[in-house]
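As structure tokens, here come the structures.
Look at the two complexes coming up: chain A is in both, with chain B in one and chain C in the other.
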Partner chain A sequence: MADVTLTIDGREVQAREGSTILDACRRMRIDTPTLCQLDTLTPVNVCRVCVVELEGARVLVPACSRKVEAGMKIRTDSERVRHSRRLVLELLASSVDMSLCSPQVRGWMDRYGAAPGRFGKQVATVAQPVKVDNDLYVRDYSRCILCYKCVEACGVDAQNTFAIGVAGRGFDAHISTEFDVGLPDSACVYCGNCIGVCPTGALMFKSEHDMRAAGTWDESKQTVTETVCPYCGVGCMLELHVQENSIVKVTSPLDHSVTSGHLCVKGRFGFEFVQRRGAKG
Partner chain B sequence: MFGAGGGTSSYREAEETDLIVLWGSNARETHPIFFHHVLRGVRNGARLIAVDPRRTSSAEWADVWLGIDVGSDIALANAMARVIIYEGLADTNFIAHATTGYEDFARCVEAYTLERAEAETGVPASAIREVALAFGQAPKGMICWTLGITEHHNATDNVLALINLGLLTGKVGRYGCGLNPLRGQNNVQGGGDMGAIPTRLPGFQDLEIPQIHEKFSRAWGGADFPHQKGWHLSEMFEAMERGELRSLYIVGENPARSEADQGRAVRLLSGLDQLVVQDIFLTHTAELADVVLPAAAGWAESEGTVTNSERRVQRVRRALEPPAGARDDVDIICDLAARLGSDFGRPTAEQVWDECRSLSPMHAGMAYRRLEELAGIQWPCPDESHPGTQFLHARLWKDPVEGPLAPFHAVEHDPPVDRLTEEFPIRLTTGRRLDSFNTGVQTNEYTSPLRRGEALVISPEDGARLGIEDGECVRASSRRGSVDVHVRFDHSMRPGLAFMTLHFPDQVATNVLTIDATDPKSGTAEFKASAIRIDRIPASVPSI
Partner chain C sequence: MDIRTTGGPATAEEMAAVDGLLGEPQPADHRVVHGGRAMRSQRHLLLPVLHAIQDRAGWVSRGALEYACRRLSIPPAEAYGVVTFYARFAPQERGPVALHVCDDIACMLAGAKVVEGAHGAPCLGLCDRAPATLTERFGEAYEAVQTPAREAARQPGSRLLRRVGVVDPDSIDSYLQHGGFAALKLAREMGPAAVIDEVTRSKLLGRGGAAFPTGRKWQSVADAPVRPHYLVCNADESEPGTFKDRVLMENDPFALVEGMAIAAFATGCEKGYVYVRDEYPLARRRVGEAIAQARERGYVDFEVEVRRGAGAYICGEETALFNSIEGKRGEPRNKPPFPVEAGLFGKPTLPNNVETLVNVLDIVNGEFADTRLFCVSGQVLHSGVYEVAMGTPLRALIDLAGGLLPGRTMRAVLLGGAAGSFITPDQLDVPLSFDGTRAIGATLGSGAVMVFDDTADMRQVLLRIARFFRDESCGQCVPCRVGTARQEEILERMLQSPNGDGRADVMLLSDIAQAMRDASICGLGQTAANAIASGLTQLKVLNG
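And then the complex of A and B:
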């Protein structure tokens, strides 16, 4: 594919035809906030935190999905962009518990001066009890920003199981199984690929959830080791998150050619057999 | 395939091909992340064909499901070949350029008319023809198989029949084409690569070729080791039966539960003069042992490499301290060697690997440093500037062909050994489920919400015919033994077919029923085809 030339923040840049404005920004090392975007998933353009100003366009455009075109003039740090990004972060953080988001997200809040408290204390939130209906993972939708990543990973972008979707409209929109049944009664096959893409900690290994509840979860004591899944011959790369000689979480590298970050139930959760030390097998 | 045994393609190619045949493979459940690549291929427009006695969750994604009778794969493949030849879809240029034995092959398949194939396979002639045309016409296509092909008494012939289809249509040695055995365990491929095959040394080098033997002997300080091939697993059991094999050292295998005809396996293992078992658990096999050597878990408690189904060698690393007393396999082997009077030293896994690289040309370029940098490398990788090999046998398209030509093999249909009779009228086949693995030693330790325990899965039609309720406990019997097991009706099953797993041997010892008829070349038992009968238990056990 050919290269096209566009201008971002006054600098001319070459970008591959078919790539996105976000790709170009990243190549220029312009830190661009994203929440619903992931390189392994099709953009769904829902969070709007990556918006940029495109000269001649009526509205701000999402950098994550808008393809580059020759001659585009783009501003990533105009007042209009800053204002929009700030408001998106404020609205989300005022209604959702974003305390387990990555430090990067907190960095964006600081950069854009997001003050979620300014709407007052009586604002509507999505606070609700954690759903614990199986031994493998929990769903805490009080942390859900509706980024759709879990839906995409459960659907066409990876797992193709379609156990979850977005139900309801407006403030009532929420991630739901069919008829809102518990996971054991749903189509879920417990691959945990939804956990792998969740940016807010709404979806979490039960082991992590329990350790956090007990106050023993401590990422400073954790190591992450890459190894290969012990089961079938596909050869999925695992990242074993280990705290005090116990596996507490399993992920897979997004850029691994075998997995693209995705695993099955055995690779994600089938590690207990190395944790039964001293017991008869 | 044609020498080195390994899948010819990369997973990525499944995303960019025109047709994928899953033959005797329920990849959706048994190789789920490979199936992600297949699904991307389907989304990109590839046709998916599933050949399986059961209408599996993989078959549900297929454009065409061929519900074949167990063990009739060769009849199907030969009939497809005949259609391809008659329709002028054979790649005659490729056949003339790169293959041998075509005339014999064509003569052999001539007898496999659609009518005969329908009779042997239970698949309608029109469906066989449709799939044959689709495979013949697809510009690119690949065949992937699993134990549905290889757990038969004629496993090698089954594989050859599929290879024939690839050669016939020139679907090998090109991007998006290929013949791929999906490996069932994380290092089945690597075990073969490393010479855990009776005739081979590391890198698939033939033990019985004097120059090869001499090369290894020289590297190993003039070591004297056998010049003739050893026994494969099934031959070992036969040797135990004859009393020739009296001492056995088992590393990481549970044959007391995983072998077909379990009663015989346990009897033979129990009758040995000496049994040493090295394992991470005190398995049922270890319970029979004179000496148990506790081992560290290869994937999480020690260093090394494994090879996957696209020939990608990848690092495994130590993430956990093993339990007290459990030791790395390499350390145990070196200690054992010292006790036997050989000094293997105290090599690290990397040092062992570097020795392997110095002796195995196909691994020579795979330094640990490069395996890290490239996130694994696909063999062959002959030197440290080589990127690895995405697909095999491009050499067959060179002019002239590099290396030996690819041979056709005329193979004949040969039905399962355990014949269906009036006394044993139901065909029992075995397999895995998504959340479990083999004899359950590993998977039964985590709490899977999907797990429902062992069951004899049959069609509702058979249930009605036998007067059995869904969930009822019945007695399943083969010519070797009986087990009591709960019945589960499933619409994926065709009448006359039953399915069980090996995942819960303490609950139901499925392998009491299976037959140890083995393929003489691969040594694989015919787990996929037992003949059973199903009887109601008079004093009925309450249903689950």
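And then the complex of A and C:
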């Protein structure tokens, strides 16, 4: 593929044809906020926090999905860009519990001066009880920013199970199984790949959820041990998160050539066998 | 695809409804699996199947949905997402009759009240009959009945409306007697390139609201190397206060069919769709029958299908409409790619509004004049569709509709529907043209002209618009999903306590408006703040 030349924030850059504005920004080390974007998933460009100003375009364009074109003139820190990014973060944080988001997200909130409280106290939120309907993971949709990542990971981007989708419309849109049935009645195979891509802690290992509820979750006491899953011959890399000599959750690196961050139920939740958790052992 | 269904069996009635549309299922043979690809390729039939189920049973049960999913090879979670996206589908059991009462602006002004047991509905496109209702009776003989017209269709126009109330909309012979299909015959003699040239030369701008040059769009599709090409007639007329396409489809359906035949011929479209909103049962029936009659006589030589919307304003947005035809949630797509390159089913697509396509007849016949249909409603003597020349002053149009009711004075005009903006009484001389309205920061939009006199409660009007956008946002992107909700909340708060912290709230609304305009995916979010902003600044609704 050929290279194209474009201008970002006054600097000329070369970018691979077919790559996105976000790719180009990252190569220039321009920190661009993203919420619904993940390198292993198809861009859905719904959160709109990555928008940039493209000269000649009537509206801002999403950096995560817009492909580079020769001669594009892009501004990533104009007043309009800062305004929209700030508002997106404020609107989200005013309706969703974002307290478990990464420190990076909090950094963006500070950078853009997001003050979610300014819409007032009597505003609609997505607050609701946590859904605990199985022993492996919980769904706390009061933390859901509707980034579509879990739906994509459950669908054609990784698992092809299609147990969840987006239901409802507008502010009432939400992630749901068919007719909101519990996970045991749904098509869910408990691969946990939705947990792996969730950026807000809405989807969480039940072990982590229970420890947080008991006040014993302490990331400063956790170590991460890398190993290879022993269950089959695929060779998935596992990261065992261990606290006080007990495995509390399992992840896999996004950039691992075998997994791309995705596992199956055995790799993700089979750790229970290692430590014989539970009364019956 | 391994589809897990745990919801229990569908009733015989529900299964009959699905099988009636898809044909009898293959006899089960669990040793081999047949037709997976064939089943999946029918995914686009999800909305028709859901309509078939609901028309028969009155609602979409879990068993029925899962049966449909097995027949179409669609994951139930995804299909449930589709059911719950469209306002017209009911995933809860209900009685054999559904009464939809329009409580949108024009009907609200006419005193509409949603009685107990009825469903409040956004604009039903019957503003000339306000207050309006739509009644659905479910069962084997499903029927949907709109509030009937109080007077015979008026013909205040000379060109686009000339056959309205004159031809028999059920008879192709009647249409032929009034010069029907002469344009198509001429077009076929001229050849595709010459037809596109004529359309381009006419400078016709799309009548759906976005005012894109029609000729340019046709040329792009004709030039697209990828096949097949699709023609999509956008008849999902849902902008509050707009009903011109309904009047055309109900009274002169063959003209639309002829316009589509010319468009398909000129741009090389192998297949066409007419996407008619669910709230227009009569228009849907008449267009469907017109297509059948025209096909029988050889005027339509390409495949055309009438598709039925399911209660979603957003599906008037062209890419949301494509997703809806494909059997998905009506969520707009990011552009580019544009429909002319990759539209319906990812193929080059020509999306045109009903009025745009009807205009093509006169262009080919050499009788084109730049007139346009306007839907005048609200507090005027004779609500209806009026055809006037572009550039006609707004005041003249309102006079044509009989003017205000006796003894009233003008308060405002909402131009372009909920996505448009308010005009004040001192701006009534604005010429109704794209440039004329732009000069005062307004837009013609879909041609909706809603008139308010001094008795109108403008606060309630603004709130209704805010609620409309909150209800109709698809929920995909953050600025619109949360922005429309916050907009409604803040407006409500301001109107309740006019002496409160008004200035801070005005700032908040303007901040939200700018982000919605700049960062929303589609035109709905980008325009969702227009009318409210103009109501607050132009009309000073808060101060009076």
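Just so we're on the same page, the second predicted complex is superposed on the first by the 276 of 281 C-alpha atoms of A that agree within 3 Å, B and C clash if a C-alpha of one lies under 4 Å from a C-alpha of the other, contacts with A are read in each partner's own complex, and residues count from 1 in each chain.
Keep this in mind: contacts are C-beta pairs under 8 Å (C-beta built on N, C-alpha and C of every residue); 3 or more make two chains touch, one makes a residue touch a chain.
It should be emphasised that the depicted structure is a prediction, and the values quoted were computed from it without experimental measurement.
*Asks:* Chain B versus chain C on the shared chain A, clash or fit?
*Replies:* Overlaying the two complexes on chain A (C-alpha atoms) leaves chain C and chain B fitting together cleanly.
*Asks:* By the touch definition at the top of the document, which applies to A:S65: first (chain B), second (chain C), both, or neither?
*Replies:* second
*Asks:* Vertex at chain A, arms to chain B and chain C: angle between C-alpha centres to the nearest 10°?
*Replies:* Spelled out: centre of chain A as vertex, angle of 110 degrees.
*Asks:* Determine, under the contact definition given at the top, whether A:G165 touches first (chain B), second (chain C), both, or neither.
*Replies:* second
*Asks:* Scan A:A173 for contacts with chain B and chain C and give back first, second, both or neither.
*Replies:* second
*Asks:* Per the contact definition in the header, classify A:V258: touching chain B only (first), chain C only (second), both, or neither.
*Replies:* A:V258: touches chain B, not chain C.
*Asks:* Using the touch definition from the top, say if A:F119 reaches chain B (first), chain C (second), both or neither.
*Replies:* Touch status of A:F119: second partner only.
*Asks:* With both complexes superposed on chain A, which partner does A:T223 reach: first (chain B), second (chain C), both or neither?
*Replies:* After superposing on A, A:T223 lies in contact with chain B but is clear of chain C.
*Asks:* Determine the nearest approach in Å between the Cα atoms of chain B and those of chain C after overlaying the two structures.
*Replies:* Once the two complexes are overlaid, chain B and chain C approach no closer than 5 Å between C-alpha atoms.
*Asks:* Enumerate the residues of chain A that count as touching chain B in its complex and touching chain C in the other.
*Replies:* Residues common to the chain A contacts of chain C and of chain B are 160, listed in rising order.
*Asks:* For the complex, which residues does chain A have touching chain C?
*Replies:* 45-49, 51, 59-60, 62, 65-66, 80, 83-84, 87-88, 91-92, 94-95, 118-120, 122-124, 145-146, 160, 162-173, 176-179, 181, 185-187
*Asks:* Where on chain C is chain A touching in the complex?
*Replies:* Residues in contact with chain A: 1-4, 6-7, 62, 65-66, 75-81, 84-85, 87, 91, 312, 329, 334, 470-479, 481-486, 489-490, 493, 508, 511-512, 514-515, 517-521, 526.
*Asks:* If we count contacts the way the header does, which residues on chain B are in touch with chain A in the complex?
*Replies:* For this pair, the touching residues of chain B are 11-12, 30-34, 36, 39, 43, 61, 182-189, 280-283, 297-301, 306-310, 312, 314-321, 323, 375-376, 434-437, 441-443, 445-450.
*Asks:* Within their complex, state which residues of chain A touch chain B.
*Replies:* My answer: residues 134-136, 156, 158-160, 183-184, 188-191, 223, 225-237, 240, 242, 245-247, 253, 255-260, 262-267, 269-278, 280-281.
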